[in-house]
Amino acid sequence: MTELTHVDDSGAARMVDVTAKDVTVRRAVAAGTVRTTPEVIGLLRREALPKGDALGVARIAGIMGAKRTPDLIPLCHPIALHGVTVELTLRDDAVDIEASVRTADRTGVEMEALTAVATAGLAVIDMVKAVDPAASIEAVRVLLKEGGKTGRWERNER
Amino acid sequence: MTELTHVDDSGAARMVDVTAKDVTVRRAVAAGTVRTTPEVIGLLRREALPKGDALGVARIAGIMGAKRTPDLIPLCHPIALHGVTVELTLRDDAVDIEASVRTADRTGVEMEALTAVATAGLAVIDMVKAVDPAASIEAVRVLLKEGGKTGRWERNER
Amino acid sequence: MTELTHVDDSGAARMVDVTAKDVTVRRAVAAGTVRTTPEVIGLLRREALPKGDALGVARIAGIMGAKRTPDLIPLCHPIALHGVTVELTLRDDAVDIEASVRTADRTGVEMEALTAVATAGLAVIDMVKAVDPAASIEAVRVLLKEGGKTGRWERNER
Amino acid sequence: MTELTHVDDSGAARMVDVTAKDVTVRRAVAAGTVRTTPEVIGLLRREALPKGDALGVARIAGIMGAKRTPDLIPLCHPIALHGVTVELTLRDDAVDIEASVRTADRTGVEMEALTAVATAGLAVIDMVKAVDPAASIEAVRVLLKEGGKTGRWERNER
Amino acid sequence: MTELTHVDDSGAARMVDVTAKDVTVRRAVAAGTVRTTPEVIGLLRREALPKGDALGVARIAGIMGAKRTPDLIPLCHPIALHGVTVELTLRDDAVDIEASVRTADRTGVEMEALTAVATAGLAVIDMVKAVDPAASIEAVRVLLKEGGKTGRWERNER
Amino acid sequence: MTELTHVDDSGAARMVDVTAKDVTVRRAVAAGTVRTTPEVIGLLRREALPKGDALGVARIAGIMGAKRTPDLIPLCHPIALHGVTVELTLRDDAVDIEASVRTADRTGVEMEALTAVATAGLAVIDMVKAVDPAASIEAVRVLLKEGGKTGRWERNER
């Protein structure tokens, strides 16, 4: 029967033993969106001009956030990260965030990709909250993962 | 004219000087939702039985996440946190998360409350991702903040 | 002659070079005890009822503490952790803690297992200190280690 | 009736709100012992000669550990630390550790003093474990605390 | 007689007790230089064009580094930081870095300003090291500090 | 044409993907100097007597700083460190620092060696700043690196 792997039969939390898993190249892509106002997007576009750090702050927060995943998520394994990219795209009233993480290790990197997206989203909110206190983070989700025993999984989005 | 406070006139990122702001009691409440499947909610309900840590892991991740906010969000001030609660509510196909943070310091604690919600949400995803790889975090947003010069702000939600 | 490996001939601290050591599966088990009062044990039993996080907080603190070992212990190598469990057992006037850590890396994981026990013990103390300020942590020790060149070592306890 | 303050009525973990508590000078002293062999004590004495870092590593680990307390203990408040000392005393077959921590803040610093002792103890173990794998940490306990509403508490030890 | 304040009479390291010091507004400005080649400066100028993060990475690393000071410098007090700016100026064959840190707390913030400069400098080196492995960090120093009992100190530079 | 590898074609920061690089033994040696006064050097010599931690604090700060490199330098890969040494040499009016770092991983360890030197240098400054507020860190640079595809590189210093 299906069970949550992160708790044992008695319900106690554990870091699942992955010693026996193969070291393989793994990749995960996650995405999310910060919903805000057209006014804020206008400010972000303006600040993205030289030498505007507005989006850079969020991009770097996302990359550094990916590295902090095992510190933040209690049962996550500390693993090597071999490559991280975070892309931010300005839309009319939203900032789309996409993070891609690669490793050659024993577990997948979905949590690292999701943490990169969430952290970048929080950094965007931090920057715009004085202008738009109602800004929100939406749809933080895995788009794709590949590598490892379970193989490729791709989100079904139309 | 309205401007992003976290970048200077040239667009360079900075941690805004708050030395002159008053130390006042401040509170922020934020919320969010992990959208998943009824099957996962059933597993979480079962694991929440004694001695089930499933929701406890997320609650604790949220509280600890609030404390890590200045490490994660590049331009956030390190501030004292005087009280943090994180509540998780199981619904039919979702886990609602609400975090409340209090301090007596020079800046508000919205970012800490939002980071608590996002971190708790990521911890929930980590626990359920083997069963529901499509689980997502939705609507991470501030519900309420009070204290400080700008005073009380409450989200308009029906 | 026997020498402390973590200091060189002049007595200067160093992180010992393990580049030449083999990557092998290694395991360590450590244990310890929080000594407190029957009254506190009664409270912990009660709080361990749904949705009681009392012991869960300590278990999670232990698992996360294991991951922070190289940040805490100056000369410890940062290594991969492939599995961590922390068990807490309530006795009449004490909480027994046992941690088991596994890896496939170049050094043993005794320090990670001991740090998990100590951190879980500190988290228990934190929870009970208002009721029992005299609670103490006792007998934090390695029970077993295996893997690596020195092979299996088991504590001689009757 | 007596209750654990770190969990609410339903048993959920929380960081207790201390906003209303006074900022007062507070101090805590904690102690503990690493039990080992006379051979190891001999090595430590020798390495404590110039420029021997053996005990210095543990002292510094203890001071830095005190600063990491809120990162390690899930429900601990992040607080200002205004002074930390860690003393190590070599005995025939043991290393006594005593830590003293001072602050002017809203909560006591027992956990910081205990964490300093535990971390210093772990650092000693790390240094001697190749020679004495059976070394253990004993009697990590608060000796004294003062300041705050509950006032002075001193351990009753003969 | 003049003595090092961070060690006691026996030479043991300690975090000096500052409980009795006044909370006053304090500021420190530090500076340093990354010496590299005109070719690298050309690349940095080009990457500083939209949406170039090259200098932004260093600026943000400096701001975040300031916040990590008490984690990095063993005997530094954890203190509130109320404002941090990091400026990078491209010269012909060098990048000048200047950091300014403000607080209202019990100790000065020279170490935070110096750590910001050093971290920003390391981040610059990281970015250019593939092109110029000989790049170096020079003259990391305090330019100015003010506030606190010792008052204003300004570096004598011609 | 030569380009900065840490930003993509549009100038966005990224953690470069090293999944395809070979795991090889790599070493880096870096150095730097804290310039201060003969009076301070006299104090350091005196405090380096038993049980003087003065130089030990800097040595340990350097070793621990090397482990924190990926937390500090935004685009650095988290990698295994297999050995770290930090040497401090007292000269007439300066403290020379040399750090050597070894690993068997996919990227070089220059940044870890440089971070060790910079952190040790900051720790020295912290200890002497009350006596010599003008102390500075000079010439933080790579002396040697070997291993990996680019092979051995040695600084040309006379």
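Structure notes:
We just call them A, B, C, D, E and F in the order they show up, numbering each chain from 1.
The rule is simple: a residue touches a chain if its C-beta (ideal position, glycine included) is under 8 Å from a C-beta of that chain, and two chains touch if they have at least 3 such contacts.
Chain-to-protein mapping (UniProt): A, B, C, D, E, F = Cyclic pyranopterin monophosphate synthase.
All values reported here derive from a predicted model rather than from experimental measurement.
Each step here moves to a touching chain, and the least such steps from chain A to chain F number 1. Listed by label, the chains touching chain B and chain F alike are A, C, D, E.
Sharing over half of its contact pairs with A-F by residue number, the repeated interface among A-E, C-F or E-F is C-F. Chain centre most remote from that of chain C: E (centre = mean of CA atoms). Look at the CA centroids: the one farthest from the centroid of chain F belongs to B. To overlay chain B on chain E by their CA atoms, one rotates by 120 degrees, a value rounded to a multiple of 5.
Centres computed as Cα averages put chain D at a distance of 30 Å from chain F. With centres set at the average Cα position, the gap from chain C to chain D is 16 Å. Contact with two or more other chains is made by residues 12-13, 48-53, 56-57, 59-60, 64, 68, 71, 74-75, 80 of chain D. According to the touch criterion at the top of this document, the contacting chain pairs are A-B, A-C, A-E, A-F, B-C, B-D, B-E, C-D, C-F, D-E, D-F, E-F. On the chain E side of its complex with chain A, the touching residues are 48-53, 55-57, 59-60, 64.
On the chain E side of its complex with chain D, the touching residues are 8, 12-19, 70-71, 74-75, 77-80, 105-106. By the touch criterion stated above, chain F contacts chain E in their complex at residues 2-7, 10-13, 32, 39, 43-44, 47-54, 56-57, 60-61, 64-65, 68, 71-76, 110-111, 114-115, 118-119, 121-123, 125-131, 133-142, 145, 153, 155-156. Against chain D, the residues of chain B that register as touching in their complex are 25, 56, 59-60, 63-64, 66-68, 80-87, 102-104.
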